[in-house]
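The following blocks contain the structures, represented as structure tokens.
Two complexes are shown next, each including subunit A; its partner changes from subunit B in the first to subunit C in the second.
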Partner chain A sequence: MGRHANVIKIVGEENFQKIRTSKILLIGAGGIGSELLKDLILISFGEIHLVDLDTIDLSNLNRQFLFRHNDIKKAKSDTAIKAVSHFSDSKLVSFFGNIMNTEQFPIHWFSNYDIIFNALDNLPARRYVNKISQFLGMPLMESGTSGFDGYIQPIIPSLTECFDCTKKETPKTFPVCTIRSTPNQPIHCIVWAKNFLFNQLFTNQQTENSDNEKSDGSEKDWGTTDEKEIERIKQETSELVDLQNIVIENNPNKIINILEKLFINDIEKLLLIENLWTNTNLNNKKPTPISRKIINQMTTKKDEQDPPIFKQLDKTWSIDEQILKFIKITQTLMNRLQTEKSIEFDKDDNDTLEFVVTAANIRSYIFGIQMKSIFDSKQLAGNIIPAIATTNAIIAGLSSLSSLRVLNLLKYAELKDGKFTDLNMAFTSKASNFSQDRYLTNPKLATPSCKCSVCSMVVRGILKVSTEKLKTLKLIDLITLLSKTYGYTLSISVIDTKDQRLLADFDFDDLYEKSLHDLQISDGSILFISDEEDENDMVRKSMELYIDVDKDSTATNLIELPKIDVPLITVVTEASKEDITKPEITKLTTSGDEAIVILDDTEEPHHVDNKRPISESDDKNDSVHKKVKKVADDDDDVIELD
Partner chain B sequence: MEKFDRQIRLWGSKGQLLLESSNICIITNNTQTICVQEYLKNLLQLGINNIDLIKVNNTNTADDDIKIGFFDYHYENNKNNGNGNSVNELLVDNINELNLENYNVIILIDLIEIKTLNFFNNIKLNQPILSCYSKGLYGYLHLKVNEPHFIINKNLEFMKYDLKLYDENWLELKNYMDSIDLNIIELSQLPYVIILYKALYDLSNSKKIELNDIPLNQLKDHLSKFKPISKIVSNTDMNYLEAKRFAHLALRNKTFETHFIEQMNLIEEINPIDLFDPINQYGLTIQKLFYSYCISPESEHDMPLSGTLPDMESDNRLYNDIKTIYDKRSKRDSENFNNYVKNITHEIPDDFIDDFASNITQTDTFVSESNFTKMIELNTSYPTLILKELIGDQYYKNATSKVSSLKGFNLNSYPTTSIIAGIVAQETIKLITHQFEPIDNTIVYDGLNNNIEIYKI
Partner chain C sequence: MNQDNKNSTLSADEIALYDRQIRLWGMAAQARMRHAKVLLINLGSIGTEITKNIVLSGIGSLTILDDHEVEENNLGTQFFLDSESVGKLRLDVTQARIKDLNPRVKLEFDTANFKNKDEKYFKQFDLVIGTELTTNEIFYINSITRNFNIPLYVCGSNGLFAYIFVDLIKFESVDEKLKGTRPTEVGKSSNNKEIVDVVMYTDEDDDKKIYEKIKTVHNYKMFRDVLATATLKGKLNRRQLKRISSAVPLTFAALNIAKDTCEISLSQLQETLEKATDQLGVPIENVNKDYIQQFSNQLGVEFAPVAAVIGGAVSQDLINILGKRTSPINNFIIFDGTTLDMPIFEF
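Right, the complex of A and B next:
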């Protein structure tokens, strides 16, 4: 076959055999994933396994070229594999599921592969896979795009920087009182409508969770110390139960009560808290309640036909139209609730989107904030990142080509002595600026950052254990074993990183006699081990231990500790110690009535500080400024976590 | 609309409409190569539906040993529209037979034969010509634009605001500013536009300098000394810091005016009113608008207000008051401009004119009358070696042996071609939407180091 002959030309006969026996794990079948799948097949990799948890949506079709109209709602991974089979001579396998699900994808499953390609769209999954790659010492090709911008980063554990070596921007948060009492930007009103109002009315959840405490028991960040205001917020929440009842009752004649409560009564109560409006340091703008007259007027129109403007999603509607739409859409959602029981906000579910946008706009109007069109609001509410086919094609091409060098398969460019820092990462530049920006910057890979809590501050290993042994192995047995094998003292502290649960400590030995099974340690648990410093200010490096339960083994005594060295190091500074004691596990912040309101999707563009040496061939372009590159995730689809 | 949602967020529904109604011509000598397939895939995904794929028979085949049918555009054709194909395959015996005037952009893929390159060098076409080729781990892309290409760039990260504080004839602004008494107002709530205004006029009066001639450093200096402000606003107040940072907005932007006059001169040379080109409607419309602007009395003294008031630290009421004044002016300027345009032509829709007037500081023009074959006359640098290797051996028969020692040359790399085709499609978007600055004018890609160099030839 001509294709093989060509690949052989690139890599040589011997390396070609390596390619044919390579097993690739490709995570994500979206924009970059579709392109990567095609590129990897055409390189002739032996096996390509594709994981995705999503189904196909209409808005995917502008860039995910393997999908057709008929495929909408089907699983992405399976559909993609079927679409490429006619030109593939690689073995292709698809998985439908969340890559962070340790039951479906335990660590020994990952260990079957030679290299991982990330084509993901969200930060938690990226960090999770990065960590897995660190546990296994497996190379990872990381990538992402946002509009015209994109990046690739090859990650070779312990030799080059990991994904978390550079700080990533975390999602924006807002204090409660900004959202609930003193909004001043459109996004504040959207967060109120989406995370607070919509959830309370339509999403079936335990509404009685205390307003005072966060789930971890710490005090809530109200963003204010004003007792009156806190009191009002709590009262407002409890009154929402009444509104919930209206919704459940499905009584369209009472929608007017919802409007009156949200947009008149609550605002009037807010105005009574004088501190909010008189304190000039706060600089808050007084809200004006909606007039009863408009509400009544619009209520009488609710059964009339839609005005044509409701079809114009890119126009900003008038306040009257917002209220009318709010009434109509609330009615629609109330009807749906009868059969669906609980409705989740979904930016692609137009009913939920229109409810959130109109509620947010009415609130904006009240607070003198600019109202937004459905189109613009959708971007804010759904945290949508623009995406185009061309950038994905470029990035996937860069990623697949670089992987040949990571796997050291290019006979023309062999890496001497595994010097992976000779490789480049790549950022494509913003195309929209007038300044003659570089099209692509390609800094050399850096060595791991010594401050990184994922790859440098801890050693990592996998503890293999049989199901039976897990039941009999006491915590103190494990501690003794760790101490004997790695030189830890017996007063190490052990934390289950899943919920930050302290299991043992120099003055906490209550659980010593419990078995790991009793302590709810199971397959996929990660234990964080840290030691006390000795009299010379030296300390044994901390460890993260991945519990890999061999379910097939019937052995009663199977336990295999990782073969790693744990060095003694000088005591770390206070600041970095903090990083250690709070190991970074993938924590999911829930939205809703929590202390800090978080834009739920972690798809915020994150920044990568691009300050690495630029490769030699750059000498000519010294004058080009090295700026902070903004890079971001591929597309908009949300990964749900449990 | 929903299908293209993620890209409309980059170039708006106007940009999308331009893409969907554009006519693209691809000229190649082998329609089955990776590069052609990849490029077609990219175009069809963007929603581009009118593509002529022209195979020129008498040219040499560059690279036809790979035929991979990964993308079935015949299938796409049936799916996209029931009434005809998106991709029309045509065969011509000679490039001279081609009628190229009906296309928005012309793309040459894998055409590296000297005769062909010379043909496209000498051809007089208004449309941009993109040419690309890749071999092994290397590839290039070249853009030739004979006529000025116009851009209204609304996608700049930083809008170029013009506060027009120096405009003494703007009575509404003057009256409002005069009504603000610095002695009774809460100064920490003052938006910087007021601080700048007060400092600017105080400086002009006290030093007897024309408003138009005040240098930036003197204004900044004055901001720190200017008593009524510095007395009450502390040096760390956000609004005061903003005033210093944005002091340049208070002054006339002379660099921009010069740049604008340059653009206008380009227009006068070609006098677009005489031209009529049904294909390149959009580009011509912008040309007409520029032309209208050149001959309008507006251009004698001042540009229309571009956009409106930027966001700033401020009390809500003060900010809204001033914003209302700016919005009014912006509307009035747009209306005036609209009237000038109407004097010349009635073909241009109102929203188009408004768009142009309110983004006038964001416009730019672009010409690249390069001689394509000059590419290989460059010397020394590594990417030039690549270029010479890619197309140059026809000129330098002996050079081949020297440069083919380049690593990774005599092989085919699928990803490299995919990257080049992606970049060509990216540039096609820029040219059709008129919203982004295209490449000026040659890209050389080196897949070994993931390196891209840009040259102007």
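Right, the complex of A and C next:
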């Protein structure tokens, strides 16, 4: 009975040899990733490569069982690989980096694997890997957890539903006027404190000089048309600049001015906008400014020792205590700013957390909203998704089990004629309170949704090109080539999906003579090609071309078009065509649109600036999969407020 | 259980470490977990998963009873082992790695066989989990847990298939859910459950959301009775019976033969299978022939991904009952690792 005896009994000797020669890509070394790594090793897959961009945090230790206290701040992927070495009989390789970075992980790198496991914590990366799997036709094991909820979904390109075939819940957004003028929930005050106040005061922001006008000269969107309110917001913003100056000056005696402005003067001005309070349809609750007396009282106490309650993070403090803490913490942050120059909000940086929470609570008090403890507020401010070991373990177990059938390695459960729709997905049922008589729900995989813009509405291929050729190949050359090879007309439109930049269409040929290189097309760029319909209401299917630049190629003139067929399809209606085949095209200028606040900002640092993820094109996919309740996430970086 | 322990507030360090899970089940439940004393019998593949999960989550104390030596094939299913472990006592070689998971948990390792323990020994525990037990061993431990009124979880696996049996004797749970169009009614809600109280309340942040707090009394049966009387007759319609995994009657057949051993021949299995299908009310022609062969080949075989699913489910339920969060499993799960089918039966 050797070490692999159990696996061999389950899959058989022949399939076991296939397992030993399989190469696995595991993306994510967090909650699900740690568990998956363990399971994949124990299945004894030959090679497992692990990618993660994160470092270890204390709050990971309750579930990411490969990490210990003295690993905090180390890279997850590398630490995980070291932690499993004692029981591993697989070749293990770790990568520290963002999976969406095409320089580190170009598409030909992905093509080395037999299957991809997603153990990711955010939507953009999931979508990106889904697209890569579609480009390569490589199976993808998708999974996610959020608290007691979890799911797995095997994705077999062109045969079963892809990740984007079903609509995913997008992060919750709030209208700006609610945040600025009429909050009615604790989260509104936290967003105000974090996204407006904290950023204005402590994060190195260039003072917006043309705040009133967009770069294209049109009037800025204030999130309201009420002129009085716009006037007030403008003035408030310029006053915020004054506050910034107080903070930069580091004058503790002026903290009282900050308090007076934010919690008395601004509120009094708000009360003058009668529309907000008299319109009964709005049903807004009138705020009450903080009394000057309390502010003065607390200011005199600012150098005294902390009251013991400041240690009780799970208790809600009184308004006096909130104000006192606000004064003290502002002073601390002002001091830090002298050396740090700019402070980012970070839920694990207690100073920044306490500032945001106390400011939010004082504002809540003013608007008659319930105040919250530091502990409770942290979840709202830090976009924390609760996560536990058990759900991750179950989901990872299911994902690795299911992969054996995707790779057709279970001898008693062989797929007949490659019928992948006989496979099951699974999501938690009992723990998610959907059912008392099923622990899991396990529907069979569906075929791709015909409306999905990621897998069904386009054909995909990889255009291999040498660095030299990229510089000499003109856009018109490419268009001619595509037309010759696939039967497109010469009036196709070409869009760079990175920023939805239109490069050519039937009445736009200004860029025809530019080379791809001049058009900033580079390794990892994805071009969206679509054609006009012909007189018979037929249209050639749209195409996404992944640009794979072969830097080592000796053939300087290398250009290799994908060997695919692009069929003619019937155009149903003009409206539906608009709806599904064309990604939304935006102007190049970034607008200063502030109409909504998207609470999704913690994801941004994960992107490499000049390497933005593949565009998310349109998401007007109405086949809502009720079963996948939401895109669940293990880690802490996406907000999902129910 | 030790729920009346005075010293039940958590330190700031504990709050930081357990941050993500406290957000799920609350401070009170976390504090109750810290006072729970759990016994795990046998540290095989499922035992390893359970140990990992409950030690990480901050259980108060865990005692592991295991007298097995490490065999080479264990290396492929148990991640606390390494290649040097073969031939040594499991607990001797895994202790250090288990302790290292979470220094806050009080751990005891005992290399005695649980059957050699005096009955009174079990009295000290708030909860017992038995893994990799023969049917006679389950009978034995179940009689002890009933004597001392201790909740019991039993689980085991046969390759791609696995089961969980739960005996909480009598258990009161409180579930909270959004009120549906019809209010939940007090009274017997299923075979083993009775709703005794329903309280409505409004969300503190959103007064349009109305919740129900439902108090349910769960009654449980002993393993011996479940094995002797379990049936699906009258509970499932023909279509549901047709869809039921062949792993269900096969698991019952195996448990009925394996009184003292895991060694079962194919013909033995086929023979008992007839009795099992009869009792369960599953037509024998519904049992897939390939499954019988497969099940027979995989009897007693450990498989890590299956252990992860079963260990995860048992740990989660255990944490649930300590936190009195939602209704526990009542009372039998059979998992089919090929279809990921995992029904909960109320036998």
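One rule holds in what follows: the second predicted complex is superposed on the first by the 557 of 642 C-alpha atoms of A that agree within 3 Å, B and C clash if a C-alpha of one lies under 4 Å from a C-alpha of the other, contacts with A are read in each partner's own complex, and residues count from 1 in each chain.
The rule is short, and it goes like this: contacts are C-beta pairs under 8 Å (C-beta built on N, C-alpha and C of every residue); 3 or more make two chains touch, one makes a residue touch a chain.
Since we're looking at a predicted model, the values are computed, not measured.
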| item | value |
| --- | --- |
| Combined model on subunit A: subunit C and subunit B, fit or clash | clash |
| First (subunit B), second (subunit C), both or neither touched by A:449 | neither |
| Touching partner for A:285 - first (subunit B), second (subunit C), both, neither | first |
| Subunit B versus subunit C as contact partner of A:4, first or second or both or neither | second |
| Contacts of A:186 with subunit B and subunit C, given as first, second, both or neither | second |
| Partner chain in contact with A:368 - subunit B first, subunit C second, else both or neither | first |
| Contacts of A:104 with subunit B and subunit C, given as first, second, both or neither | neither |
| Which superposed partner A:440 touches (first subunit B, second subunit C, both, neither) | both |
| Which superposed partner A:410 touches (first subunit B, second subunit C, both, neither) | both |
| Colliding region between subunit C and subunit B, picked from 164-172, 200-208, 236-244 or 254-262 after the shared-chain fit | 254-262 |
| On subunit A, positions contacted by subunit B and by subunit C | 2-3, 6, 9-10, 35, 38-39, 41-43, 58-59, 61-63, 65, 68, 84, 86-87, 147-148, 314, 379, 384-394, 396-398, 400-402, 410, 412-413, 424, 426, 430-431, 433, 436, 438-440, 442, 636 |
| Subunit B-facing residues of subunit A, complex | 2-3, 6, 9-10, 35, 38-39, 41-43, 58-59, 61-63, 65, 68-69, 84, 86-87, 147-148, 152, 184, 280, 283, 285, 314, 368, 379, 384-394, 396-398, 400-402, 410, 412-413, 424-426, 430-434, 436, 438-440, 442, 615, 617-618, 620-621, 635-636 |
| Residues of subunit A that touch subunit C when the two form their complex | 1-7, 9-10, 35, 38-39, 41-44, 58-59, 61-63, 65, 68, 84, 86-87, 89, 147-148, 185-186, 311, 313-314, 370, 375, 378-379, 384-394, 396-398, 400-402, 405, 410, 412-413, 424, 426, 430-431, 433, 436-440, 442, 636 |
| Subunit B to subunit A touching residues, read off their complex | 2-7, 9-10, 13, 38, 41-42, 44-47, 65-71, 79, 137, 153, 155-157, 186, 189, 315-317, 320, 364, 381-383, 407-408, 410-416, 418-419, 421-423, 425-426, 429-430, 435-437, 439-440, 443, 446-454 |
| Touching residues on subunit C, where the partner in the complex is subunit A | 12, 15-24, 27, 49, 52-53, 56-58, 71-73, 75-83, 100-102, 159-160, 175, 177, 190, 204-206, 290-291, 293-294, 297-298, 301-309, 311-313, 315-316, 319, 326-327, 329, 333, 335, 337-346 |
